[in-house]
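Labels A, B and C are assigned to the chains in the order they are written; within every chain, residues are numbered from 1.
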Amino acid sequence: MADDTLLFSLKLSLQVAAIATVFVMVVGLSAAYLLSRKNFPGKELLDILLTLPLVLPPTVTGYYLIVLFGRNGLFGRHLYAWTGWSIMFTWYAAVLASFVVALPLMVKTARAAIESVDENLIRASYTLGHSEYWTALKVILPLAKKGIIAGTILSFARAMGEFGATLMIAGNIPGRTNTMPLAIYSAAGSGDRSQATVMVIVFTLISGLFLYIANKLSRRIL
Amino acid sequence: MGLTIKINKKMNGFRLDAEWEIGNELAVLFGYSGAGKSLTLQMITGLMKPDDGTIRLNEKTLFDSACNIDLLPRERSFGYVFQDLALFPHMSVWENIVYGAHGLSKTERKHQAEDMIDRFKLVGSVNKYPSEISGGQKQRVALARALIRRPDALLLDEPFSALDNPLRIEMQQLLKEIRREFPIPIVFVTHDVLEAHELADRIIVYANGSVIQSGTPIEVFTKPATSEVDILVNTRSRLRQAVETLPCTTVLP
Amino acid sequence: MINKTGLLVFISLFTAFIAAGTAIAEPTGEITVSAAISLKNAFEEIGRLYETQNTSGKVVFNFGASGDLMAQIKGGAPVDVFASAARKDMDELDAEGFVVKDTRMNFVANSVVLIVPSSSTVALTSFEDLQKAEVKKIAVGNPKTVPVGRYSDEIFQYYRISDMIKNKLVFAENVRQVLDYVVRNEVDAGVVYSTDAMVKQQEVKVVLTAPEASHKPIIYPIAVVRGTKYETAAKAFISLVTSDEGRKILSKYGFRPIVQAK
């Protein structure tokens, strides 16, 4: 019994965090690029919206996610009407929660990294006949690598540790949505000290291992 | 044929009003720092937009405010060398040079790059990074990168100003060679009168955002149009120095 | 730059504030009552009654799933009275010596109902109907910590539908959350106490009440927690709960008061 929960929740946590991080990288890098290199109406507002999940408590973020994606939510109700499916209480909701709370970390670090790229290099690329897209890919991104990698590591770590918003929209359903933080919460709450202790130790070791690998990799890439 | 500009721009209390025309020659934009020379270059390449005017290169209109034409930098066929060279620090010498050969086939790119490396004597440094090569080599990489696609004109924004004398003279010679091998308009910005004298087929004198004289070095040095030009050029003593230090100088009356 | 006087003033004010704070935290006879969340509405009213009757007394309520509350007490939470929705949680505390002798008594009984959102169009008339394909999600309490979750388990076993519906179950942390999920139409059905359904009559429809035979008797015990500093006040509160006035309030909210020691 205990092994089932441990293995399942560990696997789920890694899966959710990995997928959320992929989305965070795609959306986060695009947003960071837009915010650092473009001017458009509503830019300030977008910046604030993207940073909010960083300053709001996860439960507030979770509440907003319910308002938007719950079965009766702003978007959720249309999805339910078309497909008969709701994201609530599924592991996809856990991915969504992790994505939302980790996104600001990526946007902030990537933006700083992109802004630190020497403008002359970007201008040089344009004069050498290249498009904005090509320049972003071949000049800006490689030179902003450090910040982007830091952002990715932070995002993954945040996603792994997500609890509050996840509990609210994915629920704590054993065998389906109980990521490790949720499983530990259940075990501790129902007095199952031994299971909680085992999970806590495993989670700490895995996190430590992740940091070790991340450090090694970033040193190799940089 | 050649490069024709008639532009003006107002920004931060500074007003630029420049009009000149050059053919397949090496024209030097000369004047004090802040006179509008670099600004002119940036507008010619399209990195900055004039308030109004026209820019034409070899019968092709690059900018025309009246007709709403404003080509992107990559649509204008210029080779551009920045003051700080702007070599990509994360790319090797080879990759930097090849970066300029956008649009060519893979084999063509390789061929052109090898040609440039040969011409600019960079064989042996091909796999090195900008941080690992000398100042002179960096200059040559910048030039190779700018010229690899045989642009219709070459613009250089004070590229040699940070170099020490021996290297400076070497680069000036190199530029003259380029002038011979690439029959295109070349615009060179400098605030150094000796350099202007050494390189120019034509000198265009800038002061406070406008062109106050344009002519051959002899014309500008011996018949300064205004007292301003005179001061800039400082004809008497400076020219004597020039005559004494440079090997091939025209004899003056 | 921070000057010395300013710093001194700040430290004194800060210390005074903390001291005042701690002083305020211990008035005469403020008792903490941890109670199953299904008792929320009834107990809040009883609490107000308690405070009007005992002008020096105050009640602070801590509502939640009985299992969570029990774990808190075991963990040393300073609670004076505990009321749970099942005997199991009280038994556990009793076995470990957390209950003051002779203060424990069963005070109400309850029943369990199957509810659906009032806007639901799914035709449900029995627990077995939960197996229908149109029923995609069913909210129940987490059996580990929520008594109504255990009762739901027993009911599902009784009707032999446990295996069929186990993938549709959504676990909530307490019975009011189960109710909330149904109210919000996040799920197609839920299992709560009849007393909870009463609180949200507009938003939910009761399909049926689970027969007594399908689950263990739902008996709520209450007791004074060992280690309380206000034993008299705690006993006074329990007396009020089991008094006529208390029973009247509980009945109003749908509970069935019982008089039965242990």
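Definition applied: a residue touches a chain if its C-beta (ideal position, glycine included) is under 8 Å from a C-beta of that chain, and two chains touch if they have at least 3 such contacts.
Since we're looking at a predicted model, the values are computed, not measured.
Trainee: What chain is the most remote from subunit B, judged by the mean position of CA atoms in each chain?
Mentor: That would be chain C.
Trainee: Which chain, with its centre taken as the mean C-alpha position, is closest to the global C-alpha centre?
Mentor: It is chain A that sits nearest the middle.
Trainee: So the centre of each chain is just the mean of its C-alpha atoms; given that, what is the distance between subunit A and subunit B in Å?
Mentor: Inter-chain centre distance comes to 48 Å.
Trainee: Quick check: how many Å separate the C-alpha centres of subunit B and subunit C?
Mentor: 82
Trainee: Distance-wise, how many Å sit between the C-alpha centres of subunit A and subunit C, to the nearest whole number?
Mentor: The separation of the two C-alpha centroids amounts to 35 Å.
Trainee: Which of the residues in subunit B come into contact with subunit A in the complex?
Mentor: On the subunit B side, the touching residues are 45-47, 72-74, 78-80, 82, 84, 86, 88-90, 99-100, 102-103, 145-146, 149.
Trainee: Under the definition above, what is the set of subunit A residues touching subunit B in their complex?
Mentor: By the definition above, subunit A touches subunit B via 118, 120-121, 123-131, 134, 138-139, 142-143.
Trainee: State the interface residues of subunit C toward subunit A in the complex, per the touch definition above.
Mentor: So the residues of subunit C touching subunit A come out as 67-68, 70-71, 74, 136-137, 142, 144-145, 169-173, 184-187.
Trainee: In the complex of these two chains, what residues of subunit A are touching subunit C?
Mentor: It comes out as residues 66, 70-72, 84, 86, 88-89, 171-174, 186, 188-192.
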